[in-house]
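A, B, C and D label the chains in the order they appear, each numbered from 1.
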Amino acid sequence: MTQAISRQELLIFTISRLLEGCRHVAVGASSPIPGAGALLCQARARQRMFVTVLGSTRHNFTTNGGVELFDMAAQGRVDAFFLGGGQIDGHANINLVGAGGAYPQTQVRWPGSFGSAYLYYLVPRVILFREEHSRRVMVPQVDFISAPGPRNDGVYRPGGPIGLLTNLCWFAFDRQRLRFRLDSVHPGHSVEEVRDNTGFDFDCPTNVPETPVPDPAILELIRTRIARAIGETYPRFVKQVFPAAA
Amino acid sequence: MTEHQWLEPTVDSLARLVPHGAMVAVPADYSGIAMELTRALIRAGVRDLHLVAVPVTGLQGEMLIGAGCVKTIETSAVTLGEYGTAVRFLDALKNGRIAIKDATCPAIHAALQAGQKDIPFMPLRGIIGSDLLAKRGDWKVIENPFATGPDPIVLLPALKPDIAIFHAPYADADGNVFIGRRRELVTMAQASRTTLVTVEEVRDDVDLMSSEETAAGALPALYVGAVAVAPRGAWPLNLWDRYPVDEAHIRQYCEMARSPEGFQRYLADVVYPRHAAE
Amino acid sequence: MTEHQWLEPTVDSLARLVPHGAMVAVPADYSGIAMELTRALIRAGVRDLHLVAVPVTGLQGEMLIGAGCVKTIETSAVTLGEYGTAVRFLDALKNGRIAIKDATCPAIHAALQAGQKDIPFMPLRGIIGSDLLAKRGDWKVIENPFATGPDPIVLLPALKPDIAIFHAPYADADGNVFIGRRRELVTMAQASRTTLVTVEEVRDDVDLMSSEETAAGALPALYVGAVAVAPRGAWPLNLWDRYPVDEAHIRQYCEMARSPEGFQRYLADVVYPRHAAE
Amino acid sequence: MTQAISRQELLIFTISRLLEGCRHVAVGASSPIPGAGALLCQARARQRMFVTVLGSTRHNFTTNGGVELFDMAAQGRVDAFFLGGGQIDGHANINLVGAGGAYPQTQVRWPGSFGSAYLYYLVPRVILFREEHSRRVMVPQVDFISAPGPRNDGVYRPGGPIGLLTNLCWFAFDRQRLRFRLDSVHPGHSVEEVRDNTGFDFDCPTNVPETPVPDPAILELIRTRIARAIGETYPRFVKQVFPAAA
């Protein structure tokens, strides 16, 4: 008997759908779900697809040091990447530095901006991924802009966000209107729940579809081959989420 | 091995080559962290370091900050990853005991590449519109002189650390250091005035420069000021895939480092005893 | 080996991936010259190439120019070294059949590094006061914006070739190419839109990415558009220290290339027959 | 019985004297005599000394590709280098491109400028080395400046020429006066011969000493160990000049 589809499995599947057609997907640190999503997409791709998982030995195609991923991104050789944020606002600005108080002595301090202030401009398909969907995270305006959302400011920017994936829903980012649009709500959740937990305005069609779920064959693939593959880099995650594959 | 001019007898004597106030470059956890040397720097009481994380730091930066060795940290992140929060870093930052130059990873790499070429600056895409730029007085924006229309671009001043520090599997008989594909270590070393390296061992039977295969993964001795042997010198961190992280120890650290007193106890228990034993 | 999507059946089919007018980057003789591919390009009748020598060229540039494949050459030198003069190059230059962008070695490296980072330009020291600068409209001089006093510095626009071409000992089962410490090949490949490689052999038993030792000397398959097998593909040049220069042959070339007719005879004798045999 | 000191041996010895105290000497392509001089200096040095011979596998300390030597020079890690020229003038301008006619269609064309237009500015001890000493080479003014001699023009220039070594003599370059000064004439040659064969003005003291020659022990070292060492990169040179070591 098949277990119910877990939250993580839905997110992994959704990410794999969002990555379709990519030649090279890179996944940053502390990102087991995006990593698994990229590996799932790769497993189902018809063309050759490269996946770079930061911290992996096996899924690592760089030999030129830490700078290579960034150079690749500038060269147009990274089709998709993932960014998160302690705060995300309705203009797709993201904050990975801190909240409250006066910088640098903010009340809350997160690790720092990592590569966001660069990759966000250059990777054509940036997926904002933040599991926690609350008004604490989804704010009207971030306190510190680690990386700005797209603006019509003349700055060289071949890349940018395609949307924001959370535990509740998938927002697509509209680069014309510079706003999020609620594109699908995950099974078991509602538009009202999304609205209640989002601090920024977003566009919302009259009928919001439900986020598609993986079919049994894909689910099986996630639970076996993909779980084992991502387990190389994230053993603890796999132990917790896919105990059978650990 | 006493014939090696470049070999320091102990990690503590290597640490004494780092003066107060030095600008010191250190790699990210995946590149080999000289943790025993970090402990030796704390034992030596080094002060006022300008720590440049290439491009982020974890336990090493956290401990140096906690022990009061750091005046300024330049980094794209300070994180202990899944093990917890870098509490000593947060505490020092909040209480104004350290200055921070928040950066983004490729900017640190690019600024070091400028140092490596000894050009005064390096242009880099992105960054414009980020508050990082607003908070850093040292990054400039110019109009790209090669563009036909408006095209603002950031210029980063070169980073030229006094000293680069890392831990590697081995040095060969001539003092060349095996770094594999961790080429950020090459950039760090070339951009810095000198480089201090701890190694698991000195392999007098190896000449890394003797073949294309081995030379590809070598940092030439020319860049290395001094080396000291430190078996398991990255502990409690991992050295690449040579040995794993000591997770239990790092969890213990995180537990103790929650309070200043706990951190001092950690120093007394873990950092200082080795010194007494020498 | 037919399962390798990235493997072209012949060097001639690889050559057909180079369009007329392409900007093609080629390395210096010490880095592995794809001479069999060079002959295939001549056989294919490719025209109007913008040849970028990284940073100098020899027999390869001389033959491509002699055969009329090149419109512009960008290089820091054209030399056959101790074997003699690059007569076909000199002849084409004197008769205005090619344009030349005279450069200096580090400028070509730096411009490619700008291409590698996809930044629009790279600053570089030196050059000011050289007639190279006066003869090149594409290099600019600005005042260093980080200096306190006057400090002119050259900016080089990024070089982003369409195709990088070289010869290497082998590709592994995944199409990663062993390049040892010839890291200019990495810069060339990353700066270029794609890279075409000839190799002595494909080693299906090797996974270069599987260890730090071997990954250090690998160009990842991600950058490689296509590969063809060309045993002794650098002949008559050497491949690193794998096989030596065929000195007698190069002397014969120099002898024949003194006149346009002799060069045509060389093409007929040495370059075209291989095609007929396929 | 010791053979007479050859021209090449005198040049090798002179170069080794000019390099004393260097930590790292680099030698460019087609330079057997400078290479041998550097290796002789290294063999006699009390401190650790690095010698990079372009084209050598053994005497090569670079692992970062063709750019490394140039980066090293900028970093101050190359103490000495050698440059030549199809033409050299009295202001130490050097021409490696061509002479006569209108560039690029010059009557004579040489290979090109190589790294001269960069290294000449950055390496503190550049030794100009040109065996042929004639009015064809030593001209009043070069037709094309591949790399300019030092000027008081405010351009960043920690390096520059220390002098010019030829088959006839050693000219030191005076960075104050921006002129060459005849410092020594090789045994068997005279100030008059130098003057007759030099197309540019230079300073000349009343008494010009003779260039020192190597003592028998050094000569023996050159003819054995040094000849063998440089033979790795220049077998033809060694076969011709040091047949006993070839």
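One rule holds in what follows: a contact is a pair of C-beta atoms (placed from the backbone, for glycine too) under 8 Å apart; a residue touches a chain by one contact, two chains touch by 3 or more.
Predicted, not measured: the structure shown is a model, and the values here were computed from it.
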Least step count from chain A to chain D, where 1 means the two chains touch: 2
Pair sharing more residue contacts (C-beta pairs) when A-C is set against C-D: C-D
Whole-Å separation of chain centres (CA-atom averages), chain A against chain C: 40
Chain centre separation in whole Å, for chain B relative to chain A (CA means): 29
Geometric centre distance via CA averages, chain C-chain B, whole Å: 37
Junction residues of chain D, two or more chains touched: 62-64, 68, 70, 74
Multi-chain contact sites of chain B, meaning residues that touch two or more partners: 110, 113, 117-119, 124-125, 151, 153, 181-182, 186, 215-216, 218, 241
Pairs of chains in contact (touch as defined earlier), listed by label: A-B, A-C, B-C, B-D, C-D
Chain C-touching residues of chain D, taken from the complex the two chains share: 29-30, 55, 57, 62-68, 70, 74, 96-97, 103-105, 109, 111-122, 144-148, 151, 153-156, 236
Contact footprint of chain C on chain B as seen in their complex: 110, 113, 117-125, 140, 142, 144-147, 151, 153, 155, 157, 179-182, 212-218, 240-241
Residues of chain C that touch chain D when the two form their complex: 28, 30-31, 54-56, 75-79, 81-82, 86, 90, 93-94, 96, 99-100, 102-107, 109-110, 113, 124-132, 135, 150-153, 181-187, 241
Contacting residues of chain D [partner chain B, same complex]: 24, 48, 50, 60-64, 68, 70-72, 74-77
Residues of chain B that touch chain D when the two form their complex: 5, 116-119, 186, 190-191, 209, 215-216, 218-223
